[in-house]
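Everything on this sheet refers to the single structure shown next.
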Amino acid sequence: MSVKRHYEREFVRTFFTSPTAVEGEDDSAKMLRSAAQLSGMQAPDVWVPDNEDATAPSMRDEGVENIIEVVSEHGADFPGEIHPRIVWHRDSPGTRYQGFQHMLEIADPDNGAVDHIDGFVVPEVGDIDDWKKADEFITIVENEHGLEEGSLSMSVIVESGEAELAMGDLRAEMGRPANNLERMFLLVDGEVDYTKDMRAMTPTGELPPWPELRHNTSRGASAAGLVAVDGPYDDIRDVEGYNERMVENQAKGMLGIWSLTPGQVVEANKSPLPPKTGSWLLEVGDREIELDAEDGKQVYRGDDVGLESTDDGYVLRVGGEEHELDEDELRQELLDMTAYVPSMDDIVDSMEEFEAAKEAGKGAIAMTQSATLVVDGVEVELQKDRMWDEATYQAAQTPITLFQDVYEHRPDQHEELEEMYGSDIVERATDVGN
Amino acid sequence: MSVKRHYEREFVRTFFTSPTAVEGEDDSAKMLRSAAQLSGMQAPDVWVPDNEDATAPSMRDEGVENIIEVVSEHGADFPGEIHPRIVWHRDSPGTRYQGFQHMLEIADPDNGAVDHIDGFVVPEVGDIDDWKKADEFITIVENEHGLEEGSLSMSVIVESGEAELAMGDLRAEMGRPANNLERMFLLVDGEVDYTKDMRAMTPTGELPPWPELRHNTSRGASAAGLVAVDGPYDDIRDVEGYNERMVENQAKGMLGIWSLTPGQVVEANKSPLPPKTGSWLLEVGDREIELDAEDGKQVYRGDDVGLESTDDGYVLRVGGEEHELDEDELRQELLDMTAYVPSMDDIVDSMEEFEAAKEAGKGAIAMTQSATLVVDGVEVELQKDRMWDEATYQAAQTPITLFQDVYEHRPDQHEELEEMYGSDIVERATDVGN
Amino acid sequence: MSVKRHYEREFVRTFFTSPTAVEGEDDSAKMLRSAAQLSGMQAPDVWVPDNEDATAPSMRDEGVENIIEVVSEHGADFPGEIHPRIVWHRDSPGTRYQGFQHMLEIADPDNGAVDHIDGFVVPEVGDIDDWKKADEFITIVENEHGLEEGSLSMSVIVESGEAELAMGDLRAEMGRPANNLERMFLLVDGEVDYTKDMRAMTPTGELPPWPELRHNTSRGASAAGLVAVDGPYDDIRDVEGYNERMVENQAKGMLGIWSLTPGQVVEANKSPLPPKTGSWLLEVGDREIELDAEDGKQVYRGDDVGLESTDDGYVLRVGGEEHELDEDELRQELLDMTAYVPSMDDIVDSMEEFEAAKEAGKGAIAMTQSATLVVDGVEVELQKDRMWDEATYQAAQTPITLFQDVYEHRPDQHEELEEMYGSDIVERATDVGN
């Protein structure tokens, strides 16, 4: 038997935090209220009214009242899940007790919010025994308020070395009779506090990249049937950097990311979805340059690669070095230097083609992509073959499964998805593979 | 007491899979038959008749028959070890039972194959308790067929987050009386299914590099006395890429790799062996350029580095920047930019020299490499010193120990090794360090 | 309750080993004697008289006598801690027993050295049960000599796969009643022997970078309340490489490094301290170029980036590509390409400013850095904003906390610190944040 998932969403793209209370404003719940009314691509998969770091310590009781008020009023219409972040600290029993009291209050059915609350987010957890303390408090909350045991999910922020290690124990611990850790939902990296806890530092004060932490979080989620989410990207104007981070995360199996603004939510909702149109990349050294598609040709404009046709064949210049090549060698070299980014349409096509082949009794088929590459005005025809077998098919399916999960759970995004892809592709993408 | 190794080979360079049955062919065992007759550099250290992914689901019973037939006939002459891959899945008891039945059948002494079978490869394993299920089935197979307990080895394909974590538990679990996990042999990464299990994705559909997985596999092998093997490299025409991957793996302590074709087997058999001749590298930015050896000089041809002799000294241009240097500074800069790749002969020389020094009571000696470097026609004499102590000696010994392991277990490769190195060097390399 | 630290230093910058005995010298303790008399920036935080690899096997009993003699004589005046490295091997009971006997001897109060001995360094440890054996021997040593249980610390060299895994178990094992592992102090990576144990190899024989090992050591230290130290950098002339390694380590939370020479000690003592003056970096591709500060302007001299003012705006050339930009776009692009390395003074300023804001009831404030950037004679004014909240404040505090730890425990470095920073900044830095 594989691990049971108690929650509905298998994919979470966006984890969006909003302060629960802002000091010195007439309506301290203003930001909470505006977050609660987001919809479509601006609304996150998981919305986190944040009563921890985003709310001033002196305002946290008021924050709880605001959560109750705003979620009661807008929760029924909010298109994503709602998981308030309460206060917690592995080293402070006082903070943990405060978090427990806040959960008791928020989940009180008399307050009218709990019907729209999917779970709680627990920050600053320590080792697995600390996770069990939070789980136990949620069990008591459920019991006191007549909720089904395990009905509230628990997500944690991984921001200490011991929490990182705990993710390796989680699968084994989740089965034990004395806890309800099956309620676990998200493993969220919190790189700012993690950096502090690890006592790491960089000359400029930028956060270290922490690739191993992200790997371990993704692996922990995979092993325990949970969902991995990366931490906040605090340069909120740097849209390109945010997108690069997400592409890097996706290659680690971490498909979700924290969003600090509705603008970041839009980017993060779209990032794991395949593009509308395919494109060709030219890899030069460590860089990947997207080629310009013009009249069906793929044009390179830049100085790092040069191509000249000579009497004997071709001279290809890459970086500082020149290579004399005949036509076959040139084609091979360029094949190695190029890559194709398939569109949603391409992926659905390939999956359908493979499914048909499988039904016809074939275990593997070759998929071909063709292009005319233009460098310095010289044109070269390329054909890229890739063998698809069952394993390729299943790996290619991940973006489609994610798309289908989104389509099922986020009707408020249907319109935008149809605008992005056209309704024909949306329909085929929701059907394929089932 | 350190971990016991129950198997003979300590180094496995090549893990070569062949389909056990091909649909629609007169002789469905054709590919199996041809793999069984490989020898020399074309024959792998471990040959894996693959009754899982490489064989169509409907053909797997026939695959078992084919394994029995081909191994009975050719097994005695096959120069490497034979480890069939059976079907298994951590989430499917039906698949596991099928794998058990196939092992029972293959290992039946009445069928004549088991004398040449060294063990089984179990794919898609889960956590350590799942590994124990496979181990238990093999124990029952041994018991039913009167084979010595533990005589069949077990190798696993690591292609899930929980299997990656299990490698951290293996050392402690191997000692427990209720299992025979001492039979463990290879830890093989399976990146295609791992990517699917981790739900990772890349824009182009290429596999992520998974450096942490490979590290953890290598570490797990080291801690439990096993052998780590990297997964398949599916762009089979990309010989350069396959070789780069192996060099990267070797720096992680992962000396073996999966081969999909006899051509890949040849590359993978040779990759971890030291080169016949030494060479000099120039490091420019992130790239390493091998210099051309001409008339005993090391010549750089390229545009990224320039060197000019002036009245005051030298101007060295690296990337876009120029440095005015005197002769000493130039030499120091170039020393930092160059590296020497020792030949087999060099390594044996250095080891012998250190052994002699040690016998004479010295704990550390300096080894020197000299070269004349030529950039833009300007010649510079370089001398690279390196201190050798006991630790350096032992670390340098790894490729030699591997060579000696190969030489002992693969007489069919002696001729090719002597062609590669000359018989004199082969003889010294088999003697040194013992 | 968080993990108790039994030792005084929370930060160890330098782990300096000296041979305890040198064969063939009149005074075999000469190097030990000279190390014992270091002070100021030349003296390490932790000095390790090394009776293992740095001392010839035949000289190890003499090494113990030398440690006793030299530490008795100079220990009281040595400004750092003293932790002799004894012999040990996870696979050799004889070596372990020898290490035990050496510890008994060194810690014998009759010999006069133990008052100045802070603990022992145990190399070549295996899994956690092997660590417990060393811990038990130290407990017996303490008991035999009437020392308080746990008063001698234990540091280990992590140089095997199983020791790397053990760091994940340490936090849980440290609490068990049958051991005194709370005595643990340093986790030190030993990459030469680790490379051998992992059977890793590189073409040139250089050590692999082992990023995952360093991450795991830093995480293990964080989870168990210990201090992580990187291994030796054996190209002792390569000061730049040593410094780059330290910056890389610091981003992993590994603030200490092994030093092989007093020259390396100086570098390693200074590396984690913030610079006296701030500086601007320009990031081009993967490289970071420090700009020249001239007349308050930040000047780029190089060929990789070009800037030209045109009638329509600007042309910015980066690598091989040209971008036509208006003034706002140019400023944005350059903001993305630049980073500021704050000085000690800047960090103290920002911390004080944030503390004042916090007292005034603000949770977050913007910190601004301004600069005039000059590329190809074209000047551009830049302003870099960064939001500081409690988490930023605490993460920024790490270098200051380290500085304060140094200042408290190393009075012998006060003079040099005041020379480096000026006494005013030193005073403010010792006060801030308390």
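Miscellaneous remarks
In this document, chain identifiers A, B and C correspond to the written order of the chains, with residue numbering beginning at 1 in each.
The working rule: a residue touches a chain if its C-beta (ideal position, glycine included) is under 8 Å from a C-beta of that chain, and two chains touch if they have at least 3 such contacts.
Being a predicted model, the structure only gives us computed values, none of them experimental.
At the chain A-chain C interface, residue numbers used by both copies make up under half of all numbers present, so the two copies contact each other through mostly different positions. Simply put, chain A must spin 120° to overlay its Cα atoms on chain B, rounded in steps of 5. Averaged C-alpha coordinates give centres for chain A and chain C that are 34 Å from one another.
Residues of chain B in contact with two or more other chains: 168, 211-212, 286. Put simply, chain A touches chain C in their complex at residues 23-24, 53, 56, 90-91, 127, 160-162, 164-165, 168, 192-193, 195-206, 208-209, 211-213, 234, 238, 241, 286-287, 302-304.
Within the complex formed with chain C, the chain B residues making contact are 1-2, 11, 168, 171-172, 211-212, 215-216, 218-223, 247, 250-253, 255, 272, 281, 285-286, 319-321, 336, 339-342, 361, 363, 386-387, 389-392, 394-399, 402.
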